[in-house]
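Look for subunit A in each of the two complexes below; its partner is subunit B in the first and subunit C in the second.
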Partner chain A sequence: MRLYGHRVTWPAALGFLIIAINLFAALGAPLIAPFDQAEVVCDAWDEPSASHLLGCDNLGRDLLSRLLFGARMSIGLSLLITTLSFSIGIVTGFTAAIAKGWVDAALSRAVDLMLAMPSLIFAFVVLSVLGTDVAVLVVTLACLDSTRVFRLSRALAMNIVALEYVEVARLRGEGLWWIITREVLPAARAPLIAEFGLRFSFAFLFVAALSFLGLGIQPPDADWGSMVRDYRDMINLGISAPFWPAGAIAVLTIGVNFVVDWLLAIQSRGHGENA
Partner chain B sequence: MNTNDIVLEVDRLRVQARNDRGAGPVLVDDVSFTLRQGEVIGLIGESGAGKTTIGLACLGYTRNGCAIEGGRIVFRGQDILTLSPAGRRALRGPGVAYIAQSAAASFNPAMTLFEQVCEIPVRHGLMTADAAREVAIGLFRELDLPDPETFGRRYPHQVSGGQLQRAMAAMAMAAKPDILVFDEPTTALDVTTQVEVLAAFRKLIKEHRTAAIYITHDLAVVAQIADDIMVLRHGKMVEHGTAEQILQAPRAEYTRRLVAERVQGHAFVERVAEEVPLLSIRGVTASYATLLRVIDGVSLEVRRGDTVAVVGESGSGKSTLARVITGLLPRESGEVLFKGEMLPPALARRSREQKRRVQMIYQMPDVALNPHQTLLDIIGRPVGFYFGRSRAEIRERVLELLRMMDLPESFIDRTPGELSGGQKQRVGIARALAAEPDLIICDEVTSALDQLVGEEILRLLKRLQEELGIAYLFITHDLGVVKRIANKVAVMLRGKMVAGGETAEVFAPPFHPYTELLLSSVPEMRSDWLDEVLARRAGL
Partner chain C sequence: MLRMIGLRLALGVMTLFGASVLIFAGTEILPGDLASALLQNNATPENLATMREQLGLDRPAVVRYAAWFGGALQGDLGRSLASERPVAGELAPRLRNTLFLAVYAAAIAVPLAIALGLMAAVWQGSVFDRGVNMVTLMTISIPEYLVGYLLMKYISVELGWLPTLANVTDDTALGERFYLTLLPMLTLVLVVIAHMMRMTRASVLAIMASPYIEMAFLKGIPKWIVVVRHAFPNALAPVISVVALNLAYLIVGVVVVEAVFVYPGLGQLMVDAVSKHDVPVVQACGLLFSSAFILLNMLADIAAILANPRLRHPR
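Moving on, here comes the complex of A and B:
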């Protein structure tokens, strides 16, 4: 099997399959889930049965339904956070590399300042002050994450802006936006896509961690992180409930990383080569 | 000479590239030659001719993805292709040694020169460390390096490029090899340095009676050092003869063209007299963040239809001058006037119209063209940007420019990666012309190209000048080019202009001493040129 002229290895194919299943679950949750995520349909901790394939949770809600709706929330949120953080990080990083001088110094030092603080603690402070609204959560995490994207894009752009075709664009009098989108971005695309996959996994785990600590998604909305938190004590009683959301997090992370590894391998081999 | 003198025999050598699908293109096909003790063979050809591949094959080595598919390489009666990897390793250094083009990239910056020069004989167990050091000092002395006793204590960054290149020759000679392989050893050097390095190499080869393979693309250089010359093209032998015969009476058509291009002169461009000069530079100084002045009080004038050459060695500030004119590096003092109108020092303060009128063409077309854009985007952008044309008009104009460059119209949807070096350079010219400029700054536009391709580019530039009346500011280190295409010259030395004026005047006696040094350092296509230069300089 080939994709854009590159042979798809079996781990990459597995990764694509995992991502496809997850996306299907996330997008189709209202259609394929047997019950609503907040609907109480059985007794607490009912064992898995024909009508409740994965059993029920502490309040008697269908676990499979919550898992499907949780995919929607967890994946959607991570995707939103990563996209936003890349938009911020790429634009600021490229601007710093192109403008140089005091613009670069100001942006870089601001990022250093952000990086000097542990991001989980920083997120705690912001979220406890501003509240746990989903919009606040997304913007806060995106800003925190964009510092790493800034570092990468600045380093990539530094090498690209030294090339003469960028100098030609400057001499012509092109604006910053043209240089960022037309001259620099195409050359930096491959490493940035690989980094996107990696950071997506991190955002995913970060939201899960925050939800686990009670600062992420608020009930009754389901997400995988808070499901693990709510069900974790049951592990001592031999109930399988916490295993499902935890497993879903693990499997999706592995799947995304398989695809990222494949992209990185292609990129390190150079363009146009088949292997 | 008898047959016992033969140190190397290359017999019907065939090297082929390999890829996923099996055998790839043939890089070297059916090449044979013999090398006797003390004999030097020059391998000459343009890029892709297979010169380096042959040189490396003589060390029993091929680059990744290539393999020796046929033929024999017999070194002192032993076919090295049948040797085990360990046997080949033992051969490299004491048997055959290699001298690469870029000495800077071949030395370890963290070790002293002594450590690196002595490494081969000590590693191969041929000498003790002390003996190797004595040999190294002797070699440094033979190669005319300064303070031979202590020279080796320096690190690579503490010596000049020419010295480092000679130190590499010392490193290759340390284990007393039978054969030296020189791979373009002077290509990266300035002409004045090239003379010294060539002389040192020749002395070394003569005194040690070492056989050598000298690889270069420059016929005039190889004529000074080689007894025999083999001309290669596309991996095949074109002609093989003595140096005299190749230069005086070349038999093959391709060799004749190589020899002829240098000698043939171009007529000077007819100049149009005008009141106000196109570009007028007065007393310009500029420097980078360091305190060092890169350009100091340079004055220059360019008129319509002029070709003004700025010549000098690396570090003379000639490329910086271009950056000052375009505004990439704001000048510190002095004036730059365009058609009598003062140009602001910084690019950001110049109007779009001021930017349009001065365009640039670069040395390396590979990095001067965005590999992610099609030729339509690359050449069409200035048309849309400066003149605000519609998409259909832009396409029409790009097709017209492609025709002017003698490029097929079907190239419009290609990306630069699908083009050859000479074609890419034509695209660079087309992009500059798309802005309809009055002045084009050409920064070493032919030095990255093969000789014959470079000649075609020069001819194209000349034709465009005749048709459009554009002025060129030609930055180059190649005086041969200057003499033929420029009507005015400015000679730069350490940021200052030491000579300037009409080409015919600057290049005729009485010379400025530096102009004379530069002129006399350009290799000429006859085998006694180096002797003459050295004799003349010794007499001074």
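Moving on, here comes the complex of A and C:
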């Protein structure tokens, strides 16, 4: 099998399959889920049966339905965070590389400082004041994550702005926005796409960890991290409910990493080769 | 060399200072006002004014920062809003517990990761190498709580070998402590070992490709001596920095693992404080976690300078 002329290795194919299944679950949750996520349809901790394939949870809600709706929340939020963090990171990173001088120095030092602190801890500090609202969560995590995107896009753009065609655009009198979007971005696209996958899995794990700690998505919305939190006490009773959402988190992360590895391998080989 | 180390130390101190400013700014200058968050529905203008005065929010931010950071340097971290007791007193036993767990995990993980990495490098391409590679690739992607709960399910619930919860108190004996924290320690080890082991393998293999190693082989030196005596010393600098980075990660990973095993550590304290809007406690915990993180990163750089003569002179 080939994709844009590159042979798809079996881990990459598996990764694509996992991502496709997850996206399908996330987008189609209202259509394929047998019940609503908040609907009480059976007794607490009913065993898996034909009508409830994964059994029921602590309040008698269908576990499979909650898992499907949870995919929506977890994946949707992570995509939103990553997109926002890329918008911020790319614009600031490219601006730093194009403007150079004090703009570059100020932005770089600020990012160095942010990266010198563990991001989970910094997120805690912000959330303790602003509360665990979804909008606050998205903006905070996107800002924290954008520091890493800044690093990469600045490094990429540094090499690109030194090329003649960017110089030509500058001499032609094009503005900063034109140079960022029309001259630098297309040339930096490939490594940025791989980074997007990496940052997505990071944001995904981050949101799940926050929800698991009770500081992320609040009930009654289902999200994989908070589902693990809700069901965790059941491990002592031999009920394996927490392993479904926790496993789903792990499987999607592994799938994304497989695809990212493949993308990075293609880039390091260069273009036009079929191997 | 001393000058390089001195520069790095100075940078570390400056970063720490910057981090304290960020933590303070994060809680004080952001649009959410602590007084209105605490009062919620009772936020009449009069109540707000009294609350602000009580919390000292009527003073300018710079003054409050100076008071807070100055106090923190002398061990006075303010009073908790929830329990109204001094933060330092609540923090001390939690900090001890967290340090105990982190050091316990590090003492097992670091030697094990380096040994496995060296073995994988010596037997490159063997079944052992490929097996370890696959397993570590998987554990990198698995969240800490899944590892923790899997261990809990199989080792403590089904086999009944270890307790599920690590509920240590101040007067738990040392031996008992090692036993109770065995499972959290194992979880942390599994989470951090993968990256350390892979980096050790990669840096040793990168050195193995150099001409002086080929020379050593041609002299007829046994393979394990070439790896341990010739390749490993040069691979040490990257390995040390990876070890320190992973230990810094361990500090953060501890937060989640503590939640899994309900271990009374600093992470649990911080998570509780965040949900209660107990800002002084959050600030103090944040400062401690960040200092540990910055300190480990600084030690990594200094160790790299010591291990690699080429880094001893400024370029």
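In this text, the second predicted complex is superposed on the first by the 275 of 275 C-alpha atoms of A that agree within 3 Å, B and C clash if a C-alpha of one lies under 4 Å from a C-alpha of the other, contacts with A are read in each partner's own complex, and residues count from 1 in each chain.
By definition in this document, a contact is a pair of C-beta atoms (placed from the backbone, for glycine too) under 8 Å apart; a residue touches a chain by one contact, two chains touch by 3 or more.
What you see is a predicted model, and the numbers here were worked out from it, not measured in a lab.
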Please indicate which partner A:R170 is in contact with in the superposed arrangement: first for subunit B, second for subunit C, both, or neither.
first
Touching A:I235 in the superposition: subunit B (first), subunit C (second), both, neither?
second
If you stack the two complexes on chain A, which partner ends up touching A:E183: first (subunit B), second (subunit C), both, or neither?
first
Subunit A: partner with more touched residues, subunit B or subunit C:
C
Is A:T83 in contact with subunit B, with subunit C, with both, or with neither (first, second, both, neither)?
neither
Counting only touches as set out at the top, which of subunit B and subunit C does A:A250 meet: first, second, both, neither?
second
For A:S108, select first, second, both or neither according to whether it touches subunit B, subunit C, the two together, or no partner.
neither
Once the shared chain is lined up, is A:A209 touching subunit B (first), subunit C (second), both, or neither of them?
second
Could you list, by residue number, the parts of subunit C that touch subunit A in their complex?
15, 18-19, 22-23, 26-27, 30-32, 34, 37, 137-138, 140-146, 149-150, 152-153, 157-158, 164, 248, 251-252, 255-256, 259-260, 270-271, 273-275, 277-279, 282-283, 285-286, 289-290, 293-294, 297
Would you mind writing out the residues of subunit B in touch with subunit A in their complex?
20, 326-328, 347, 350, 352, 355, 359-360, 362, 364, 367-373, 381-382, 385-386, 417, 431, 435
Per the touch rule, the subunit A residues reaching subunit B in their complex are 163-165, 167-168, 170-174, 182-183, 186-187, 272, 274-275
For the subunit A and subunit C complex, residues of the former touching the latter
112-114, 116-118, 120-122, 124-132, 201, 205, 208-209, 212-215, 228, 232, 235-236, 238, 240, 242-243, 246-247, 249-250, 253-254, 257
